[in-house]
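Worksheet for the structure shown next.
Labels run A, B and C following the written order; every chain starts at residue 1.
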Amino acid sequence: MQRFTRPIFMATIMFFALSFPVFAGKLVIKGSTTVLPIAQKAAEAFMAENPDVKISLSGGGSGNGIKAIIDGTSNIGNASRFIKQKEVNLAGIKGVYPVPFRVALDAIVPVVNPKNPVKNLSMAQLKDIYLGKIKNWKDVGGTAGKIVVISRDSSSGTFGVWKDMVMRKERVIPSALTVPSNGGIVQAVAITPGAIGYVGLGYLNSEIKAVKVDGILGTEENTLNGSFPISRGLFMFTKGWPTGDTMAFISFLLSKKGQTLVKQAGSIPIFEL
Amino acid sequence: MKRQSIDNMVRSGFLLVALFSITALLLIVVFLFIEGIPIFEHISLKKFLFGHFWYPTDDPADFGVFPLILGSFCVTILSGMIAIPLGVMTAVYLAQIAPQRVAQIVKPVVELMASMPSVVIGFFGMVVVAPFIQQLFNIPVGLNMFNASLMLAFMAIPTICSISEDAIFSVPTALEEASLALGATHFETIVKVVIPASLSGICTAVILGLSRAIGETMVVLMVAGGAAMIPGSIFDPVRPLPASIAAEMAEAPFKSEHYHALFAIGMVLFSFTFLFNLTADYISYRFRQVGEASL
Amino acid sequence: MINKRLRTQKVSFFMLKMAAALNGMALAIIVYFIVSRGWQAISWEFLTQQPKDSMTAGGILPCIVGTISLCLTTILVALPIGVASAVYLSEYATQGKLVRIIRLGINNLAGVPSIVFGLFGLAFFCIVLKMGVSVAAGGLTLGIMTLPVIIGASEEALKAVPNPYREASLAMGATQWQTIWKVVLPVAFPGIITGSILGVSRAAGETAPIMYTGAVFFTPDLPDSIFDEVMALPYHIYVLATAGTEIEATRHLQYGTAFVLIALVFGMNLVAIIMRAKMRKKLRT
C-alpha cells in the first residue's frame, strides 16, 4: 500500500496541475428536449467536421435554455417555443439581446396508448380533458375507463405551446402526472392503457398512437400547409448576434446538410430539401 | 518553549479546521435564507405554506406548497410504516438471535443496501416496479405514492436497522440475564426488557431513517408521479418537496420569483430535516441508558 | 403452560428471521434485474468509447472518467478537512459547549437533503465563486456532503487506538502533536482509509448534488481541466431514462450504466469491508 501512495499522489497533482483552462473552441448548448434530437445529431456531425470544437449539450426544457442565455451560462439556448415577454424583460434588465433562429418546424401531436380505440379528438375535447372536465374515455367515444392525464413540467416549451394553443391559457388540472421530457411522455403513454399525452413530431413511434385533431392528422404535410392546428417553430437563441463557433454551428444547422439532419431527427426542415 | 508554542499553534489550527463543518452548515442556512426570503415580498408566509396551487410559471403565478408538503409527508409516513417494522425486526434478529456466521452475512447485506445509489433505486422503481404494481393492483398508473414509499423504505431500512442494532446491542447483559433468571423466555425478555431499554436508540434510529426518506430526491423525482395535488389514495401520484426543486431548478431564471420560491422550498425542507435531527439528538441524549439502575 | 410461551417464541423468532431475509431478498431482486439486463450491454467498446448516434450506441467512457474525476476532487476536499476535524475532536477537545456545537454541526450536516446541497452548490460555488458548471464545483459540493461520513469514520479509527500508545509516546517526551503525527495517525490510518472509501462510494452514486453543479447531458470529450463540465454515471442513468431522445432504444444502455455504477460502488464497499476484516484480525492477535 505504501508503495502506491507516491505515484498516486503524483498523478493526482498532475491532473490538477494540468488544469489550466484550455482555450480550444467550446460550445455550450442547453434547453428544449424537443430540439435535443436535432441538436445532438448536428453536434455529432459538426464535431466530426471540426475536431477542435468541443460541444456540450444539456436538456431540461425551453425555460432552461432561454434562462441559460440570459444568465450567460450557455452559448445557445434551444427552445420549442418563442421567448416570452417576461423573459425579454429580464434579458433587457441584464443587458442581453436574445437573437432567435428558427431551425425547424414542428407539430405537437396528442398521443394515446395503442390499445385505445379513440382516433380523433376536437380541440375543445382536448382542452376539457386537460382541464379535468372530461374524466372518462367513454365520454369521447372510447371504451369506459379513467383518463390518465399526462403533461409536462412548467419548464417545457412543448407545454408552453400546448398551454397557449390548446388550453387558451387556462390551467392544466393539478392531478395530471408530469414528466420531464418528450421521451418521458412516450414512455408513460406506452405502458398506461388509459393515458393521454402530447409530443413533438420527432418523438412519434410505434409504441404510441397519434390522435387526429379536428379530423386532421399531424404530419409534415399538414403542418406545412397550415391545416394542423397545433404547430410551432423550433428555435435556437443566442446572446446577441452570434460569432465564432456559435455562428459556425448555427450556419451549419441552417445549411442543407443541417436541415437533412433535422429531417432525420423527425422534425420538419424550414426549406425544401 | 518553542516546542510548546508549535504545539499550541497546531492545536489552534486543528480547531479552526474542525469549525469548518459548522461553518459549512451555517453557510448553507444563510444562502437558503438569502435566496429564499425574497419570495415573501410577493406572497405571505401563510399563503405560501397553505396555498393549494403550485403554478410557478403562470402569469400571475401561484406559489402554494401545501400539496407538496402533504405529498412529502404522506410518502414519508407510508414508507415508515414499511421500514420501521422491517428495520427494527432485522435489528433485533441481528443483535439477539442470529448465529455468528449468519450475522456476518446479513450485516454486510444491510450495509450494501445502504450504499445502493439512489438513482439506481429510482430507475428500478420506474422500470420494474411501476408496470408490476400497475398490473397487480389494476390501477391506472404505476408512478405514484405507493411506489415511492416502497423504494424509500428500501433506503430507510439500513439506517433504522444499523442504529437500532447498536442500541439493542448495548443493553447491559445483566438486565437480560436477570430476566431470564426469573423464568422469562428469550422472546419475552426481548419484548419486555431489551426493547424498552433501547427504546431511545430505536426512536433515534426511526427519526433519522424518516429524515432520510423525506429528504431523498432522485427516487421521488423518478417514481412519485409529479402531480402537485393533494392525494386521495395511496395510488395517487404526488410531488414531494425535493422532486419539485430538482425538476424546476434549472429553468428558473436567476433571481426570478420562481428561483426564490424554489429556495424557499429548500428552506422548508431543511427545517423539517433539521427538526428531525434535533429531536433525535435530544431523545438520544435525554433518555440514554446509563447503567442498570436507571431502568 | 410453558409450551404456549415457547410456541409464541418460535413463531416470533421465525417472523424476525423472515424480516431479515426480506431485506436480503429485496437487495437480491434489484441486483438481479440490473445484472441480468445490464450484462449484455457490457463490452470493451462500452467501457472505452464515447456515446454515438444520439447515445443509442457507443460507450460511456466520458461518464466513467467524469465520475472518477468527481470522486478524486471529493476526496481531496473531504479527507484533509475530515481527518483534521476528527483529530481535533478525538485528541484535543475537552467536553464543553464548543465541542457540542461542533458535533451538532456535523450531525446536522449529515442530515441535509442531497438536493439542498445541490442548491447550495449552485448558489455558492457556481454563481458566487464563479466556478460555473464544473468538476470543481461538483466535487466541492460532494466533498461537503461526504464530510460527516469521513469525520465519523476517522473519529472511530482514532478512538480505537489504544491509550497506552499515546501514554508511552508522551512519557518519552514527545509533544501532543508529535504523538498524533508519529504514533496515533499511522495506527489509525487503515481505519480512516476504510471509512473514506465508504464515504466516496456514497458520493459516486449521488445525482442531486451534481445535477446543477457539475454534470451535463452530453459532452463526449474528456475534461481538460477541473473547470470543465463532465458526464457522470448516475446522472447518465437519470437522463437516459427520463430526458433522453430514445428512451426505449437505450434501455439496455441504461441497465448497462447502472451495472457499471453498482459494480463501482459495490467494488469500493467490498475493498473497504475486506480491509476492515483484515484489520480486525490484526488487532485481535
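Here is the rule we go by: a residue touches a chain if its C-beta (ideal position, glycine included) is under 8 Å from a C-beta of that chain, and two chains touch if they have at least 3 such contacts.
Predicted model, so just to flag it, every value in this text is computed and none were measured.
Peer 1: So using the touch definition from the top, which pair is joined by more C-beta contacts, A-B or B-C?
Peer 2: The comparison resolves to B-C.
Peer 1: Which chain has its C-alpha centroid at the greatest distance from the C-alpha centroid of chain C?
Peer 2: Of all the other chains, the one whose centre lies farthest from chain C is A.
Peer 1: In whole angstrom, how far does the Cα centroid of chain A sit from the Cα centroid of chain B?
Peer 2: Between these chains, centre-to-centre, one finds 35 Å.
Peer 1: Taking each chain's centre as its mean C-alpha position, how far apart are chain B and chain C in Å?
Peer 2: The answer is 17 Å.
Peer 1: Check each residue of chain A and list the ones that touch at least two other chains.
Peer 2: 60, 179-180, in rising order.
Peer 1: Can you pull out the residues of chain C that are in contact with at least two other chains?
Peer 2: In chain C, the residues touching two or more other chains are 242.
Peer 1: Multi-chain contacts in chain B: which residues touch at least two other chains?
Peer 2: Chain B, residues with two or more chain partners: 250, 254.
Peer 1: What residues on chain B touch chain C, complex-wise?
Peer 2: The touching residues are 3-4, 6-7, 10-11, 13-15, 17-28, 31-32, 35, 85-86, 89-90, 92-94, 97-98, 106, 108-113, 115-124, 126-128, 154, 157, 161, 185-188, 208, 211-212, 214-218, 222, 242, 245-246, 249-250, 254, 262-263, 266, 269-270, 273-274, 276-278, 281.
Peer 1: Which part of chain C faces chain B closely enough to touch in the complex?
Peer 2: Interface residues on chain C, with respect to chain B: 5-6, 8-9, 12-13, 15-17, 19-20, 22-24, 26-27, 30, 33-34, 80-81, 84-85, 87-89, 92-93, 101-102, 104-120, 122-124, 127, 144, 147-148, 151, 175-177, 198, 201-202, 204-208, 211-212, 234-235, 237-238, 241-242, 251, 254, 258, 261-262, 265-266, 269, 273.
Peer 1: Which residues, counting only chain C, touch chain A once they are in their complex?
Peer 2: By the definition above, chain C touches chain A via 52-55, 69, 72, 76, 132-133, 216-221, 224-229, 239, 242-248.
Peer 1: Can you name the residues of chain A that touch chain C in the complex?
Peer 2: These residues of chain A touch chain C: 12, 15-16, 18-22, 24, 28, 33, 36-37, 40-41, 43-44, 47, 54-60, 73, 179-184, 186-187, 190, 202-203, 205, 207.
Peer 1: What does chain A use to touch chain B in their complex?
Peer 2: Its residues touching chain B are 60-64, 66-67, 70-71, 86-87, 90, 146, 148, 153-155, 171, 174-180, 188, 191-192, 194-195.
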